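Both of the next two complexes hold subunit A, though its partner changes from subunit B to subunit C.
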Partner chain A sequence: MAGLLAGLLGRFGKPSQELIVFAIAVACFIFFAVSLQGFASIGNIVAMLRSIAILGILSTGMAVVVIGRGLDLSQVSVMAISAAWTLTLMNGGMTLFPAMALGLLFALAIGVLNGWIIAFIEIPPLFATLATGLVCFGVGRWLLIDSVHAYPPKGADDFLFIGQGHLVGIPMPIIIFIVAAVFVHWMLSRTVVGRHIFGLGDNMLAARLMGVAVRPLIIFSYAFSAFIAFIAGLTMASSVASMNTEVINSTLVFDVLLVVVLGGISLSGGRGSIVSVVVGACLIGILLNGMTILNVNSDAQNIAKSVVLLAAIVIDRRLHPKDEETDKQGDH
Partner chain B sequence: MNALANEADAPKPDASNIGEPLIKVIGATKIYGGVHAIEGVDFDLYPGEIHALAGENGAGKSTLCKALSGTIKLTSGTTMVDGVERHFDNPGESLAAGIAMVYQETSLVPSMSVAQNLRLGKEKFMNRMRGLYIEGQVMLQTLNFHVDPALSVATLGAAQRQMVEIARAVYHDARVIIFDEPTATLTPEEKQHFFDLVRDLKARGVSIVYVSHALEESLDISDRITVLRDGKHIITAPTSEMSREDLVRHMVGREEAQSHYQQRAKDGEIEGKSKKRRRVLTVENVTMGNMVKNMSFSAYEGEVAVMAGLVGSGRTEIAKIICGAYKRNLFHGGRIFLDGEAIRYRVPKQAIDDGIVYITEDRKIEGFLETMSIKDNIYLSWLASKLGRGFLISNGRRNELGTDMTKRLEVRAPSADVKVNELSGGNQQKVVVGKSLVQKPKVVIFDEPTRGVDVGSIPEIHQIIRNLADEGVTVIVISSYLPEVLTLADRILVARQGRVVEEFVGGQATEEEIMYAAVH
Partner chain C sequence: MSVISDTYLKLHAKWSLQRTVAELLSKRWMEPAVPFIMMLGVIVFCAVAIPNYLTLDNLTDTSSQFAEFGFVVLAMTVVLVVGGIDLSVGAIFAMADFIALVLFNVYELPIGLVVILVLLSGGLLGAINGFLIGYLKLGAFLTTLVTLIIIRATFDLTAPTFAIDIATSYNESAAWEFLGEGTLWGIPANVCILMVIAVIGHALLSRSRPGWHIAAIGSNRKAARHAGIPINRTIFWTYVLSGMLCSLGGLMYAARLNSSASNTGDGLEVMALTAAVLGGVSLAGGKGSVGRALIGATTILVLINGLVRLGVTGGPTFALEGLIMLVAVGIDVKWMKNKNKAISKIYVVPALLDLGELPDATENSDSIYAQNDALTNAEPIGLGKVDGPEDVILDRQGRIYTGTREGWIMRLSGENFEDVEVFARIGGRPLGLAFDRDENLLVCVGGMGVYGVRPDGEVFKVTDETNRTRWKIADDSRLRLADDLDIAPDGKIYFSEATTRYEMHSWAMDGLEGRGNGRIICHDPATGQTRTLIRNLMFPNGICLAHDGQSIFFALTWICQIKRYWIAGPKKGTVETVIENLPGNPDNINRSSDGNYWLAMTGMRTPAYDLAMRMPGFRTRMVKRVPPDEWLYSNINNGSVIKFTAEGEVLASYWDKSAENHPAITSMREHRGYLYLGGLMNNRIGRIPLPDADPTWDSSDSYWGPKA
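Moving on, here comes the complex of A and B:
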């Protein structure tokens, strides 16, 4: 709790971008709570959190990669294919855990491939993950999965519990989101690997000269992102009892990036924390939920999302103007 | 505005040192992150004058030049051009007013041809190649430059690039050309050619601001000299009234600055020191591409070996090969021994595990992590070494290491929680050094340890280096600054074109001997 507060308040007393986004989120919440009946009810809040759980889980994985100055566009593809393959294997007669193990192995393989291409062949992550995402989708649809949709077999109740069950009255997707967020936060702020990822994202050359094993670290971050994608995939498949692989043609991966950037994780690496991901996901959840109740159409919702993103970044720039010298360095 | 430009087109060769100054700067002040880079500096420049700026590293010469050329904005102070107050927000505006800057690192576009670079920023709507080349050729020939305008800039050497850059300034009708360390990368012959050119420009009525470390050059070529020290204006005087000793005294602000190494030599502290010592590092015939060719040398325990030489002589490259940042040739790449064992590192991590650290010359690019505090930088470095293998981080250890190291190296900062890029150059350098020392190395390679370091911190960094050697660490220092070479060295290695060509015992060599070995 103390760490969360310190993160929100920023180091120099000036509000951080996280705090700005948090304030906007609270303002939106109060606005909707006052103007919409039933918005602030427990039922609606749980529904709201549930609707952003998948997005939130994916964002924790993306955050790790982005803090290490990378980008993982293959995340949604890995999520869809690994989960769908798990379901297909279960339909083929395999029990839950072996099927999950194979699905996880597939996800990790794509993650390691991403990391290896970026670290050793030194291809920019944008292109590398774009390509591996398509490879993953192609291989999956061609060799692993029979149709566009994959369904869990009849009677797979333990599988359905992952997405539809409740623990102490809270739906499982929310629990998984909270566990993922807490775990990644702990990893980034308390472990040596976490420190190294921040170092990598801040200045790869300096980190390398310092003796950080940069390449294994890059591979780790992408493998971790794929792992999180697999978890998100299982949650998604279980909560709606199917996996629609067409999800990779949606804008989900950009929503994930939106959430990550919104809270103040910089695409230039080294800055931000999981607190900001949670705050960003909450803001998006509040906005979308409120607007859906208000019957705002999806185009207007998209516009609202982007306005919020730009506003948060502009306010942050105003409050934290860059020094001329460091500004120039970035341009070269 | 137009009247100004027209006036600019007509050079005034007769108007030297009389009448109105072309540029007058009053009370120029620039603050970076709370530190004054320059403070209340006055400067003026008359038409057809060569005005040298002198001062040590970090005295504010470059800052003043950048302010004149519109690269940075002054925090306060006025700039008058032709008696009219002007504000330059970007280099384009000052170029339009006739002020051009020729940078240390040239600012040409490497993939374009010479002629295209000349016209860069002044293109017509349609540019015919043939017309462009003819125009370029005429331009270059009037300046007596022997460069083919059709060549791409990437294929040119440092001296030729500089010529193109000068031609570009002339092409843009510059009335004022600012040279920042123009001779640092030139050979003696090229330097002579360059001086002829500067005098030629002066004869055409161009005013020149000349910044150089080499005092002799400034004394030789300039009409007036301004000395800056610690960002403040010390004196402006006609060159004819200045001697080298005066200049040094004004720059350093004290007499004994140069006698430090002579003192050490007198004490007999240096001579014959290496003979009794254990050899730690041996470099044998190491080769890497064109940069390092058959380089061989050794370094001994408890000794400071200084490698002198020009930029591009393979010094940084060999250091990076030793520490694993670069790889030497796989075949016929030579051998490197640490304590008698052959080593070949793929990544710096392996070198650090073996106790070899490299402290970079380019601390802004690869020296420290700018989003992190002093403590975090030092702690992360410790974590990355053998000492810090573990899984969880410890805040106690972080504070302990950070505070210890800032105290030991006398880093001047409000606290160890301040971000590194808010410190002055010298304190940043100390943090970078501290980051490496916390890894408990056996061999430390310093690459230009005092580049861009404020004057006050230089002796402190020298002291840190001496102390390391006295503790029995093997120290290699790479330096282009001869007084520094002589101050620090137990042994001097001179590199030229990828080889170590000469070796001196510290205290027995003179600046002239070292320079001679470095260029011939």
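Moving on, here comes the complex of A and C:
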């Protein structure tokens, strides 16, 4: 947290959106810490971080796609089906690694399919991923998985370690989240591919003219998102020892978008960083944790989250206004 | 060439499937043809695969569900047309259902009030979307996703508190019953209401100003903004309309089922979106209609119903829905992107054209067409001041009039025609010229029709359309390329339209086709009627009334013939060939002082091009595979003027062998002992003296007699 704070304070001159979000997060934290018994305890903070780990992991994948001016609505579906298939395979007698490899392959296949449809057929990302999400879920439930829930087989301790184990006292989901965040941050800021993704999101035609292989890059970003979704799926399945495929009917993908947009990654692409995604995830974690302690029911929580997201996109639009001369209605 | 392939090629020259397809594809009403066929296919599939599918009970049952779904698809369609999307349709539907039941069953309000309040609530929810998207300019997708979750959460929060009240209380009302289960002439009442709303909606969307604004914003937001259309307000009201349509659907649902469950309207947005896109409503905005929405709605409803009745549920349904959506949107995107390319690829349909032996025109040969230098030293008039004088004409005062590339009529006067002025600005591409009895200058304007200019320079329209050809797919009532005209003694204007398939700028492509795409048309100023006289002519170009006023001569450029059409006398209405095999492509025809006729030839035939005209397959491949600027076109670099008699005997030919001053000649006009020359691509008018001609002969006198 200290490093994060220093990074943010370095830009203190102009209040960026991530700074505002960070300030709101700190304010909420202080508010709940003062008003709620036990909120500020180490135990609760770890629980809170753990509860946002899955959301955070998914957000890093979504961030890559959104920075490249895309959108991946199939993420949760890929997550659920690939993880559930891995569990089903393990129940069928397969060992952990071949099962994981097959699950990963399935996730990558959907990711590449997404990218191909978007890059080559040029279907707008939101429809393409909405449809592939349905296809992925439908095919999974039809051909790959026996029932709504998938459970790991008895004695799969190595699998359960992914979600329930600890490393130097820190729960594994948090570690995976941190590793994913650091890796994506490194990729986006220090590698050629990462910089090209920013270029792609900022101005696709210019990137293409510069010689960036735009279409393969789009495919890569969706495949990467699917890869992250698979990691998140394993973590989720392991930490609760089951995978409920009905999760695609929840608002999870919406929460992921909420984190990404809250973190200041504009949906018009080309802007943002993983640091802000972490901040956004923390804010959502604080809000959800606080509301859960306050015993607010899930519908009211949804409304609260929606209002926060709405406020975030209104502010986003204020900070990055549309150019009426170049804008097309229908851009998400 | 064998007899069979020969016959085929000749038939192909008359009828071509490819041309029919190309013309069909250009039709707007063809766009929903694929969705429509898909719909029929799905219905036939269900009727065959499911026993008792076509029974009345089942149809009534399905169609009453159709009404509710139809409203939601209509709601989705209007926002898609404006270029947005509304994911909250399902939530608004559920909310309206719930509100209707609470108002009617629990509070027992009169039904009229219930309808009004439900519509208002739907409009209000839509207004939230509209405000955020229209005025705050948020992205439609995310915004409606958020409102979907908020509305649904509110619904889930409030519905349970009324659930028992709704289930236990019961309000008797004949109107409510009728709304839910009544029928009119055997058709469910709600379907009737949907049809009424659909007709109104269709008129609104396609025939009214707000509807045009909606489509304009969807197809090009920037252009709409520049045209002064209130974008924010229009988008706002479109979402309000969408909300109201959804709530109407919810109301029907409430009246039919009298129940509200937590999963009411779940996933309806995806279904409605799939239906709209499947029906041919474009995701990119601007394209969509009520008809297409209903086609899509029918397809999806029949399909999903069919799958349920076939026992397919769960996974396969999801997979199928996703796949259909992908395929439909994929086809939509690719088709929209490549449609015009596809049409232009197949639009040019070359046909066999056998021109016969090429007459000799070599220099110093015995041929009457032998090249000479008669035009080389023509005196230049208006050099560099007239751009492309296609036709030239002189009035009784000896002033030259000509039409230019800028769309102007220029007048050149003075001793040596040194005074050049713009006489009239018509626009288009002025081509053939003629004076009528009242000394109005009538002009054929390429791209516009036939126009006239009064002696004071005032422009008026003569005609720009003719009667449409029956059974022809492409609408050919508009004049595309009026080329030359002449006026009969009774005042009737005879003019040629060179081609109905190409525009002024692509006229040369008509030559590659080698088909009869042109026509001769007559306009009668007395009745104001325009009627097509002869169809399927191969680029009819110059037109000239015979000296006796009984027939008109016309030139057919691509087939290199002069024909004659009798407008009076015993042979009235018949066409006969005057000259069959010219060495070049004939253009304008005009009278000469000795009772014969002048003919301009815009270019000379070449053996290579003649051969290409006998090989339609070669030209097809060329048009498809070679860029247009490298196509083999007919030669228009070297032309000539000939004089012929009414019987078709060629008397003389005049050439500019050097091809520098008058390469392509498109017209010539004799006036008081001189011959004036025009050229479509030339930068001057030329004139040569005619020593043997009558030095007092003037074409206006020849047509209308000496001025009183």
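Everything below uses one rule, namely that the second predicted complex is superposed on the first by the 297 of 332 C-alpha atoms of A that agree within 3 Å, B and C clash if a C-alpha of one lies under 4 Å from a C-alpha of the other, contacts with A are read in each partner's own complex, and residues count from 1 in each chain.
Keep in mind that, in the parts below, a residue touches a chain if its C-beta (ideal position, glycine included) is under 8 Å from a C-beta of that chain, and two chains touch if they have at least 3 such contacts.
These figures come from a predicted structure and were not determined experimentally.
Visitor: So in the superposed three-chain picture, is A:209 touching just subunit B, just subunit C, both, or none of them (first/second/both/neither)?
Guide: first
Visitor: Applying the touch criterion given at the start, work out whether A:127 contacts subunit B, subunit C, both or neither, answering first, second, both or neither.
Guide: Touch status of A:127: second partner only.
Visitor: Which partner chains sit in contact with A:140 here, subunit B, subunit C, both or neither? Use first/second/both/neither.
Guide: Only subunit C; A:140 stays clear of subunit B.
Visitor: Check the contacts made with subunit A and report whether subunit B or subunit C touches more of its residues.
Guide: So, of the two partners, C touches more residues of subunit A.
Visitor: Looking at the overlay, does A:117 come into contact with subunit B only (first), subunit C only (second), both, or neither?
Guide: Once the two structures are laid over each other on A, A:117 reaches subunit C alone.
Visitor: Starting from the residues of subunit A touching subunit B, keep only those that also touch subunit C in the other complex, and list them.
Guide: 324-326, 329
Visitor: What residues of subunit A sit close enough to touch subunit B in their complex?
Guide: Contact set of subunit A toward subunit B: 190-192, 194-196, 198-199, 202-203, 205-215, 270-271, 323-326, 329.
Visitor: Which part of subunit C faces subunit A closely enough to touch in the complex?
Guide: 82-85, 132, 136-143, 145-147, 149-150, 152-154, 156-157, 217-218, 221-222, 225, 235, 270, 273, 277, 283-285, 314-323, 325-326, 329-330, 333-334, 337
Visitor: Spell out the part of subunit A that touches subunit C in their complex, as residue ranges.
Guide: The touching residues are 117, 121-124, 126-128, 130-143, 251, 254, 257, 261, 267, 297, 299-300, 302-303, 305-307, 309-310, 313-314, 317, 321-322, 324-332.
Visitor: Mind pulling up the subunit B residues that touch subunit A in the complex?
Guide: Spelled out, the residues of subunit B in touch with subunit A are 32-33, 72-73, 323, 325, 347-349, 351-353, 358, 360, 364-372, 376, 379-381, 383-385, 388, 390-393, 421, 435, 439.
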